[in-house]
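The structure that follows is given in the form of structure tokens.
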Amino acid sequence: MENNLLEVNNIEVVYNDIIQVLRGVSLSVPEGSIVALLGTNGAGKTTTLRAISGLLKPENGAIKEGYIKFDGTDTTKMLGTDVVKLGSVMVPEGRRVFKHLTVNENILVGSITRKDGSRKIREDNEMMYKHFPRLSKVTNRMAGYSSGGEQQMIAIARALMAAPKMLMLDEPSLGLAPLLVKEIFDNIKHINKELDTTIFVVEQNAKVALAVSDYAYIMESGKIVLEGSSEELQDNPDVKEFYMGITQGGGRKSFKDVKSYKRRKRWM
Amino acid sequence: MSANKWLATGNFFTTYKQEQRTFLTNLDQSFFTFFLVILFGWPLLFELSNKSMLVIDNILIAIVAVMGLNLVTGFAGLISIGHAAFVGIGAYTVASFCRTIGDSHIIITHFWPLLIIFSGFMGAAFGAVVGLPALRLKHLYLAIATLSFQMIFQWVINFMSFFNQGQTIFVGRVFWFTGKVGRKDHYVFWYFVILTVVVILGFGIRNLLKTRYGRSLIAVRDNDRAADAMGMNPGLTKVYAFALSGFFAGVAGALHAYLYRGVGFESFTLHESIGYLAMAIVGGLGTLNGCFWGPVAIKFLDLKVESLAELAGQYLPSSMNLATALKPFTFGLVIVLFLMYEPRGIANWWRIAKSYTKMWPFRY
Amino acid sequence: MKNKKVLFLNALLVIAVMFAFTATANAGGKVYKLGMSLAITGPTSDAGNPYAKGTEDYFKFVNETKMLGDDTIDCTIRDDQYKTDITKRNFEEYLDEGIVMYLNYSTGSTLGLKRDFEEEKIAVLPASYHAGNLDDSNYIFLPVASYSEQLVALSEYVVKNHKGEGKAKVAFFIHPSAFGRGPVDDAKKAVAAGLNMEIVEVVEHGKDLDNSAMLKRLMSKDVQYVLSHTVQSPVATMLKDSSRLGLTAGSYGEAGKLTFLGVHYTGGNDLIALAGDACKGYVWTCSFNLTSEKNDGTTKQLALAKKYGRDDKAANSHNYAAGIMVAQVATEAIKRAKAAGLEINKENLYTTLNGMNGKNGYSPYTTIGPVTYSKTDRAGVDMLQIYSVQDGAFKKVGQPIQSEYMTKIK
Amino acid sequence: MSYFFQIVVSGVVVGSIYALAALGLVLVYKSSRVANFAHGQIIAAGAFITYFLTVTVGMPIFFAFLASMIITFFLAMSVERIFLRRLIGEPIISVIMVTIGLGSIIDGLIYLTPFGTENYSFPTFLPQAPLTLGGVSISWTQLVGVIITFLLIGGFSWFFKKSTVGISMRAVSDDQFGAMSVGISVPRVFGLAWATAGLSAAAAGCIIGNITGLNFDTLHSFGIIVFPVVILGGLDSILGAVVAGIIMGLIQQFASGYLDGNWGLNGTGDVMPYIILLIILLFKPHGLFGVHEIERV
């Protein structure tokens, strides 16, 4: 992993000067790869993502320790807009499409930070409908009336309009039907191949995420507890049990399994 | 109950009933009684000029009005930019009596306490009617609806000949057990009356907030859908809030009419409504003691600026309208600064001071 | 150590300054306190501002030129933003300070405080010439003829100079307030008493951006004269609208067109400033000398303004003249009371003012006629000068007139 | 009949001027959800700056007009910068009160100048004779006013509909966090919204000043007068502001044309907008063109 696009080194994030959420997180994303960050609710995944994209401030959070480097530039103290300009764009959790804008306007907004001429932007705009053919039927509809899957596509397309080097996705599978989840992740893979965009995806759905990613980190209580290539992790029994709901025997996980608490502890 | 009845050294409540007592410790109670005695007693000892008494009376009336505004805006979270119009309703209730039965009729001069209460109910009635749009409207739309009420009120007063088209309608001098209250005693007499009203209404609000209804007000402010889900009726609560606020305003208006011995429309314009809002904010929205701090602060500021401007005006070129410029400027500046640096108002300083004394010698 | 020293020096300085002030304030003879409350801001500030300047300057002039010998007048001027409440507060404060005469401003507050004036028995000179000020009151002295008198006189002027057949048809364009509505009833009474005109409509204007509809309506009702009694700004809008609609009479009383006339506060230089060319031919009554007509009085007025560094706009305003005028009347009353060897207090000034009539009438340089007060007549200058706009300035039309019907309807 | 048409024409003229005055409020609300009660003061400031530049400095009025628009552009931007930026996310009452306080501060500043209390009027620069067509007439001032109004409103509509910056301004009003995530600088958008509002306020001030003359009291009262217009139009819709402006203009003119002077009514033009507004709000709580919250549960 010699060519890391993103490098996060031992960051600590504190909200409201009181609540420490991240306790020294380090990770790196190599150029051109798909990296996944897995973890349960409240593990600090979203906070990590916000720290990387410079969006902690609106939530009253701050990075107290460590540094973040993107494409060779230190972005620890940078604000969202500048990070986007550098080429790292996030698709926020819950999509956050602009409900009262049409689908096409939503996509166009993404190009706000670009300076390379309107022709190029128009071309990219059309490209998006090639990536997401579903959206081409609803270009002039209010985005708020679109389905969850469409909204996720809009959000991804919007982020891609900034022509990013790295695309960060926060729980793209949230609230979507399994079939749609698959479609979205197919899209992600496609984008990674076609546009050569590095992808950093935060997920709870470990199974899907590990299937598409090259490398993965697992977080718990503000720390990275496990990392490895996706194939490795897929075979890790702990991961299997806690994140994929498969017991060692291969059957469904049962609540009766009382050992889990102990095993979980061993990681820390 | 705490072991020490005089000094609270922590939270020892074991029942809700204890927590809801009006005075938490005997010290609180004696302190408050002492304070009341001073408030009622000082005019008997010192004699202030008429102007100072007028200013003080005026502040007390503003306190009554701001208590009403705080109920609707501070506690229930409904912005009202038409509060002066409600105050006007109260004042014009008295004025209407004067117009129909003459300004020195026995009802006006002898039964004035009843008339003041009646004005309060008139204010409440109008408050309920104006509150009706609150069933459907939210936030800014509601604020503008109250603004509309203010404008319509102004127009009605200004154009109806019954209301003397906005000109002053005189109100006669009242009688007390000692006979007619003359010019000399007028302001002191009304000081006592208004102070009594303030004390009664202040206790009223304090106790109200401890009832189911008071809590539902706050619940509706914080999240009306959740309140709805909890089985409260947010629509009805909002209308109640407006009605109650109208009652306070109506009482304030009637007091204003008697104090100034006349009712003219300039006292109930949009500008006054904004003034009341400013007082509520500077005092501290959603707090009872803020209702006292706000009017005191704003009215004193007004007076101080006036004298300051007069002083400065003597040394500046005469072409500058310094005196006139300073008043709106400082008024605006105070509002803006408070909102920027102390959005919880003076009441917050009071809270900090109080908790400091309570915790002393510890910091937290 | 250093801080303490600085602090000490500062304290010394403050004390020194304070002493300096008390010293200047006490120099000379007696000080007569006067109080004035007026709207320097608020709805009628455009009039109140120069008015206040006039009063201030004249009292300064009195003190500096030792017009009252060693005695000085100390007149506090406060802004009341056209609010009766604040006026009342100011008035109470002045009373506490022991004023001997009170100068007021707005119609609303003069009416609203009428009872206080009666109870305090203090002479009041308001800037409001509302006839209602005189009802049930003995202490309010109007500086000039009341609005009613002015409007009736203007109506008489219309009737006398009416061109065309039949009755003169007029409309009143008035301010939506007590100030505006007051004189309308008197004008109606004058018509009932035999004044040969017809009041077609009384328009109370709002904040209109466009008066076309109103003007067309008046035209359709054959109105020939519009008499306004309001402030300048709405009149200016109306004049502009009328002129662009081509409804304004080219010469006075032109048939089939509208001729505009107005009372005291509708005219003056502000109207010209606001309406521009559209106010050509506008007819206006005023009891003050205007600086557009050079004479002895206006020269003095301009000199006063220059002495105290007022700009041209204030210096040439008739409101500035009005402000000077009330100061002149107050000073004159004090002077006369002093000459008669009376103590300067509320009662004596009141009687002095009431004695200001006949050959004792007082002619200040700012007005076109003498100021006369008596127990029965408390309107000062009874004469009215008709002015009309020619070449961008108000010019005299004929000799001062006096209303005939006003005495009949009383 | 020509009386009727005159009223219609006057109503449309007055209404479009209302629309222009309302535009600034809509622009600010649209992106930052702030109801600006200091708008009237900015309108007045714009008019006075134009006057100052033409009469005192001696610029040609057209350039003065443009210059004043540019000055208020930056003025409003700095106002946002200094006072409102800290209040992002505060409750609505705080924001309303801050703008009220701001209005008061500007009042004070204007009172420091002679403009606060005295009357002025712009030098005439348009033909004085009216345009008359079939008994209905309209002045050049009004006509130019209406044209400028529609140019500006058209321009802004295009800006919001087509330009990326305009779309991003709408995006901010929709979802601030979402907007930040794609790299929109929210503070800059707010500043821009205030700046464009200032620009339109200056234009409105000049046009109103040309019609009524320059009187501070008259000018700044427009900040309040246009509130019914804005609310009726639905707060964040430019089209709504235009339609509501014209409706209000017509209501006013019809009220003063047909109600005043009959049945003892007077000055109805001032109050009718508020009455109509209340009635409409009861049936359409978001105004005529207001955005309904799209909620997917």
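As written, the chains take the letters A, B, C and D, and residue 1 is the first residue of each chain.
As a convention for this text, contacts are C-beta pairs under 8 Å (C-beta built on N, C-alpha and C of every residue); 3 or more make two chains touch, one makes a residue touch a chain.
All values reported here derive from a predicted model rather than from experimental measurement.
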Reference chain D; chain at largest CA-centroid distance: A
Geometric centre: closest chain by C-alpha means: D
Chain pair with the higher count of C-beta pairs in contact (B-C, B-D): B-D
Whole-Å separation of chain centres (CA-atom averages), chain A against chain C: 75
Centroid distance [mean C-alpha coordinates] between chain D and chain B, Å: 33
Chain B-chain C separation of Cα centroids, rounded to whole Å: 37
Geometric centre distance via CA averages, chain D-chain A, whole Å: 43
Shared interface positions of chain C, touching two or more other chains: 40-41, 45, 49, 176, 204, 311
Multi-chain contact residues (two or more partners), chain A: none
Multi-chain contact residues (two or more partners), chain D: 111, 114, 116-117, 266-267, 270
Those chain pairs that satisfy the touch definition: A-D, B-C, B-D, C-D
Contact footprint of chain B on chain D as seen in their complex: 35, 83, 86-87, 90, 92-94, 96-98, 100-109, 111-112, 114, 116-117, 224, 227-228, 231, 235, 265-267, 270-271, 274-275, 277-278, 281-282, 285-287
Touch list for chain C against partner chain B, complex: 40-41, 45, 49, 53, 56-57, 76, 78-79, 82-85, 88-89, 92-93, 95-96, 108, 111-112, 114-116, 119-120, 132, 176-178, 181, 204, 308-311
Chain A contact footprint on chain D (complex, rising order): 164-165, 167-168, 170-171, 173-185, 188, 291, 294, 296
Parts of chain C lying in touch with chain D, wherever the complex brings them together: 40-43, 45-46, 48-49, 176, 201-210, 212-214, 216-217, 220, 232-233, 236-237, 240-241, 243-246, 270, 273-277, 311, 313
Residues of chain B touching chain D in the complex: 73, 79, 133, 136-141, 143-145, 147-149, 151-152, 155, 158-159, 270, 274, 277-278, 281, 285, 319-322, 324-336, 339-340, 343
